[in-house]
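Below, chain A partners chain B and then partners chain C, in two separate complexes.
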Partner chain A sequence: MFKQTTAVTLLNLRSIPQRWGMSLATVLSIALVVGVLLGFMAMASGFRATLDGAGSDDVVIMLRGGAMTEMNSTVSRDEVRLLEAAPGIAASAGGDPLISSELYVVADGLRRASQTRANIALRGISPSGPQLRAQFALVDGRMFEPGAGELVVGQSVQREFDGFGLGETVRLGNNNWTVVGVFSTGGSVFDSEVWTDLGVVQNLYQRGSGVQTVRARLTSPEAITPLRDYVANEPRLNLEVLSERDYFARSAGGTTNLIMVLGWPLAIAMAIGALAGAWNAMYASVDARTRELATLRAIGFGGFPAFIAALAESFVLALVGGLAGVAATWLLFDGITASTLGSGFTQIVFSFAVTPDAALQGVVLAVIVGLLGGFVPALRAARIPLLAVHAS
Partner chain B sequence: MNDATLIRKNLFRKRLRAILLVVSILIAFLIYGVLAAMQNAFSMGTVGAAQERLVTVNRINFTVALPYAYWDRVRQVDGVDIVAPASWFGGYFQEPQNFVQSFAVDPESYIAAYPELVFEADERANFLEGRTCAAVGRALANQYEWTVGERIPLMSNIWQRQDGTQAWELDICAIFDDADGTYPTNYLMLHYEYFNEGLSFGRDSFHWMTVVTEDASRNDQVSQAIDALFANSPAETSTTTEAAFNEAFMEQFGNIGLILTWVIGAAFATILMIVGTTMVMAVNERTREIAVLKTLGFTAPRIFRMVLGEALLLSFIGGLIGLGLAAGAATLASGAMAGVLPPFGLSLTNTLTAVAFMLALGLLTGVLPAWKAMQVRIADALGKI
Partner chain C sequence: MTATSPLYTLKSLSKRYTRGKETVTIFDALDMTIPAGDFIAIMGPSGSGKTTLLNLLGGIDRPSSGEVHFEGARIDTLSQGRLARWRAAHAGFIFQFYNLMPTLTAAQNVELPLLLTRLSGSARKQRVKTALEIVGMGDRARHRPGQLSGGQQQRVAIARAIVADPKVLLADEPTGDLDRTTADEILQTLQLLNAEMGKTIIMVTHDPAAASFAERELHLNKGRFEERGKA
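Moving on, here comes the complex of A and B:
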C-alpha cells in the first residue's frame, strides 16, 4: 500500500509540468491570498511593535482623570509639586526624583514622500525626560539647551519629514528652531516626535505653568500601587495613573483592531475564491489523467493511493503558493515605513513587520486552501469506474 | 436551439466547474464592491465640499485655537458672504469608547454656510432658539437611537467645566438630514454660547471658521486677504478650500486609496488567472466538438462569438451576483461602523465601473480560447482519434 501510494504520488508530482497552466494559476492565486493577508498583518504588527516598544512597566504616566490621551490632559504646577514628593518614584544619581513634566503640542511638518503637510508632535520635556525612555540614545549632535529654541528630533521624523537635518533651521508654528541633535529610542513611537525644553513650549504656546502629563520612573513595577493610593487619597490630585505599557496598549488597540478587522475577512473571502481555483485545477488534473488512473486501477493499484496522490499534488501546489506569497510579501513590505494618525492626533511612523508568526499563519491558510480544494477531486480520483473509462 | 442556448449549455456542461468559477468571480466583485463603498466613505468630505467654501484654521495646526475676535474681522473681508466659527468638542456618550463627533458652532451662521443640511422647519427654529439645544445628524441619531426631545449628557474628553465636571447637558431639538447624500450626517452640533460659558479654560476661542465666499472665482483673493489680515500676529491663519482641507485631513491617515487599489488588484489578478486558464482548458477539451460544429456549417466567426459569449456570460453571472452581495454587505458594514465612518454604499460610478470590469474580464478570458477555437482545423481535430 505504502509503495503504491509513493509511486502514484511521485507520478502525479512529476507530471505537474504537463499541466503547468492550471498549476501555475493555482500557485499564483494562493500566493496572492497569502500576500494580502500578510500585508495587513505586517501593517498591524508593525504598528503594534512601535507602540509596545515605547511602553515600559516601570514608567508611569499620569493624566487628568477622564482624559483618554495626552493631548486632552492638563496637569497644574501644584499637582506636579505634589507628585514630586509621591512614594514609589525612583531617584536619580543626584537624589532628585526621576520625574518629567511634559507638554505636547501639534505642529505641521512636510512629509517627504507626498510633499503634503502632516501633524507631528512637538514635546516639551524636563531634564530627566530622556532617562524615562528605555533605549534612549543620542545618535548625532547634542541635547538642547534649556530655554533655547533648540530641538532634538527622532530618527523617524528625520527620515519621513523634510527639513529636519542636523543644524537646519525649521519653522514650527510661529517660531524658528535649530535642530541640534538626533535621537533614537529603538524604533518606538517617540522616534516620531520632536523634543525641546518644557519651559520654551510653555512660553511660546502660552500655556502658563501648566503641563499635560507627568511621567515618572518607579522604583519597581510593583511600586505603582502605593503611588496610585497616594494619588487617590490626595484630594488636590485629580489624576489617572497608568503604566506606560497600559497607556500605549490602550492607544494601539483601536488602530490594530481596525487593520485586523479589515485584513482577515478580506483574506478569507479571497481564500474562498482561491479555493474554487484550486478545486478547479485539481479537477482538471484528475480529469486529464482519468485514463491513466483507470489503467493503474486495472493493473491492481487501490483507490486509496490515487486519493492520497491527488491530495498531495494539491498540497504541494498550495505550499509552494503559500511560501511564494510569504517570500514576496517579505521582500516587498518588510521594513518599509509608513505613518498614520495616532491617538494624539499626530503622525506615528512605523515599519511593516512580517513576523514569523504571521508567516506561519499565512502558510497554514494556504495549506488549508490546498487540502480543501484537493479533497473532492481526490475522492473522484479514487473512485474512477474502470469499465466506463475503458469502454469509451 | 439558438446560439444563446448553446452557449448556456456549453458553460454549464460541467456544472461543478461552472459553479466554482462563478464563486471565484463573485468573490472578486464582492471584494471590489465593499472596498469601493468604503472608499466612498473616506472621500465623502472631499466630494461633498462646496466650491465656494473655505476653511480658516490656525497656521500652526488645526488643533490650535483662534481668538474669538477673528470672527468679526473675517466677516469684514471683501468678498466674504458668511463666516461660521466652530470648536472641537471631543464628545463621548456615557463611555469614552462611544465617541461622538461633535462641534460647538454658532447655529445661525453654520446652517447658513451648509445649506445642504435639511431640517424640519419647526425643529430648525427650536434649535436656533434653545441655548442648550443640539442638532444631531440622522446617522448619529440612528446609532444611539436618540429622538427629538430627549435630554442627554454629552461628555467631552478635551474640555472641563468650571464645576470640574466634563458633561454638557444637551436637549436634542433637531435631527438633520443631508440633501443629496454626499455630506456625512454622523455628527452633532451644540450652541457655541452654551459651550463657551461653561468652560474652565480655553474660553473665547474657536478652532476653525468656515468661510463662504460670494463667488468661487474670488476664493484665492479672499483666502489671501484673510491670511494677510493676521500675518505676524500670535495666531496666524491658514485658509484653504474646504475640499483641500478635507483631503489633507484624510491624507493623514495614510494612503488608503493605494492600499485598496492593491487589494482589489490582487483579487482581480487571482480570478483572471483562474478563469483564464480554465477557459483555455475547457475549449481544448472541446476541440473535436468544435470541428463537428464546423463540419455542420458553423462559420469561424460564429464559433469565435460563441466562445467569447460563454466567457462573457460567466463573467456577468459571477459579477452581478457579487455586486448584489456587495451592496448588501456594504449596508451591513456601514451599520457596524456607523461610529467611525459616515454611512456608505455603492455609488452609480462604482456600479458602472464594476460592469466595465465584468466586460473586460469576459473579453480577456474569452479572447484567447475563442481565437483557438476559431483556428481549429476539421481535418486535424477529427483526424487525431
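Moving on, here comes the complex of A and C:
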C-alpha cells in the first residue's frame, strides 16, 4: 500500500506543472490569506513586544486602587512618603530608595509623515526615573536639569515627530521646552515618551504636589509580596501594586485583543474563499487526470492511494502558498514602524513583528485550508469509475 | 489446467444500461468459453457491446446478470478490493489511446503493475528491462510518452500489460490510433506474445485487417456471437 500510495502521489505532484495556472491561483489565494492573518498578528505581536519590552519583574508600578491606567490614577505626596519607607524596595548607591514619582500628561506633536497633530506622552519623573527603565541609555545630549524647561525625548518620538531635534525649542501646551537629550530604552513603549523634571510638570500643569504613579525597583522580584502586604496593611494607602510586566501586559491586552478580533475573522473569511479556490483547483486536477486514475485502478491500484495522492497535492499547494505568504509578509511588514493610540491616549510607536509562532499559525491555517479544500476532490479521485479508462 | 481447458466461461451473461426511463440491452444470455492460449478478435458494429464484453472479462465492469468464471472461479461477484487484486494478478490491459502516465518515463510506466507485487526494487528493474526488450523498446526506457511516437507508446503499454506476467491480455482497439504499418508491427508483437509466451489475448477491433492476426474471430451482433473462419 505504501508503494502504491507513494507512486500515485509522485504522479500527482509531477503533474502539477501541467495545470500551473490553476495551481498558481490556489497558491496565491492561500498566500493572501496567510499574508492578511500574519499582517494582523505581526501588528499585535509588535505592539505586545513593545509593551513587554518595557516591563520588568523587579520594577513595580503603584497606582490608585481601581485605576486601570496611569491617566486615571492619583497618588498623594503623603502616600509617596509612606512608600519610601516600604519594605522590599532597593536602595541607590547613596542609600536612598530607588523610587520615581511620576506625572503623565498628554501633549500634542506634529507627525512628521502626515503633518497631523497627535498625542505625545510628556512624563515628569524623579531623578531615579531613568534607572527604573531597563536598557535606558542617553544616546545624544544630556539629561534635563531639575527645575528647568528642558526635555529629553525618546528615539521614536524624535523619529516620528517634527521639532524634537537636539537643541530645538518645541512648544507643548502653553510652554516652550528645549530638547537637551535623546534617550533609548531599546524600542520599548518609553521610546514614545518625552521626559522632564516632575516638579516642572506639576507646576506648569497645575497638578499641585500629587502624582499619578510611583515606580520602584525591588530588591528582587519576590520582594513584591512584602511590599503588597505592607500596602494592604497600611490604612493610609489605597494603592494597587503591580509588577511592571503585569501592568503592561494588562495595558497591551485590550489593543492586541482588538487587533486579533479584527484579524482572525477577516483571515477566516478569506480562508473560506481560498478553500473554494483550492477545491476548484483540485477538482480540475482530478478531472484532468480521470483517465490516468482510472487506468491505475484498472491495473490494480486501490482507491485509497488516489485519495491520499489528491490530498497530498492539495497539501503541497497549500504549504507552498502558506510559506509564500509568510515570506511575503516577513519581507513586507517585519520591522516596519507604525504607531497607535495607547491606553494613555498617547501614540505608542511600535514595529511589526512576524514571529515564528505567528508564522507557524499562518502555515497551519494554510494547511488546514488545503486539506479541507482537497478532501472532497480526493474522495472523487478515489471513486473514479473504472470505465473512464476508455475516455479519449 | 490443460492448454485447452477454458480460461473464461461466461454463463448467461447479460448487460443492460438504463438511460432515463429506457433500458437498453447490450447483450442478453450470452454463453461462451475462451480456452487458455487463445487469441480472439472480437468484432462487431458500433454499440454491439464489444468493449462492454471486454470490460466484463477484465473485471472493470459488472454484468447485469449471469456469471463470469476465470479458471473455474467466479469473478463477477468479487468485492472491489478482491477484483482489483485479481486484475493485478491475472489481466493486462492495452488501450486504444495507450493510457500511459505522461509524467513518467517508459520504464516507470512499465513498472507500475509491479508496485502491486512484493518484488524487490532490483527484481522490478530486471522485469521492466525484459518487458521493454520483448516489445523492442529497451533503448527508450528513459523516454517520456511525449517523446515517443504512437506506435512506440503502444509498445510501452504492451510492456506494461505483460510485465506482471498476467494470463490474459485484454486489448481494446490496440491499433485504432495507428497507421497501417505501425499497426501491423503491434499486431505481430501480440502474435508473438500469444505464440511464444502463451498469453491468452482477447482483442476488440473493428478493423478486419487487425482481426486477421488473431487465431479466430468472433462477431458480436444483436447480442449474439457468430464465429467466422479466417480469410
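Note that in this section the second predicted complex is superposed on the first by the 387 of 392 C-alpha atoms of A that agree within 3 Å, B and C clash if a C-alpha of one lies under 4 Å from a C-alpha of the other, contacts with A are read in each partner's own complex, and residues count from 1 in each chain.
One rule holds in what follows: a residue touches a chain if its C-beta (ideal position, glycine included) is under 8 Å from a C-beta of that chain, and two chains touch if they have at least 3 such contacts.
Please read these numbers as outputs of a predicted model, since none were measured by experiment.
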item	value
Partner chain in contact with A:302 - chain B first, chain C second, else both or neither	second
Chain B versus chain C as contact partner of A:360, first or second or both or neither	neither
Touched partner set for A:14, first chain B, second chain C, both or neither	second
Contacts of A:283 with chain B and chain C, given as first, second, both or neither	first
Which of chain B and chain C A:232 touches, first, second, both or neither	neither
First (chain B), second (chain C), both or neither touched by A:67	first
Which superposed partner A:4 touches (first chain B, second chain C, both, neither)	second
Chain A residues touched by each partner, larger count belonging to chain B or chain C	B
Contacts of A:114 with chain B and chain C, given as first, second, both or neither	first
Footprint overlap on chain A, comparing chain B with chain C	none
List of chain A residues in touch with chain C within their complex	3-4, 7, 11, 14-15, 18, 291-292, 295-303, 386-387, 389-390, 392
Contact footprint of chain A on chain B as seen in their complex	16-17, 20-21, 23-24, 27-28, 30-31, 59-61, 63-64, 90, 96, 155, 157-158, 160, 164, 166, 201, 234, 236, 248, 251-255, 262-263, 266-267, 269-271, 273-274, 276-278, 280-281, 340
Contacting residues of chain A [partner chain B, same complex]	21-22, 24-26, 28-29, 32-33, 35-36, 39, 64, 66-69, 71-72, 74, 105-108, 114, 116-119, 172-174, 205-206, 238, 258, 266, 269-270, 272-274, 276-277, 279-281, 283-284, 338-341, 345, 347
Residues on chain C engaged by chain A in the complex (per definition of touch)	51, 55, 58, 60-61, 80-81, 84-85, 87-89, 93, 95-97, 99, 101-104, 112-113, 115-116, 160, 172
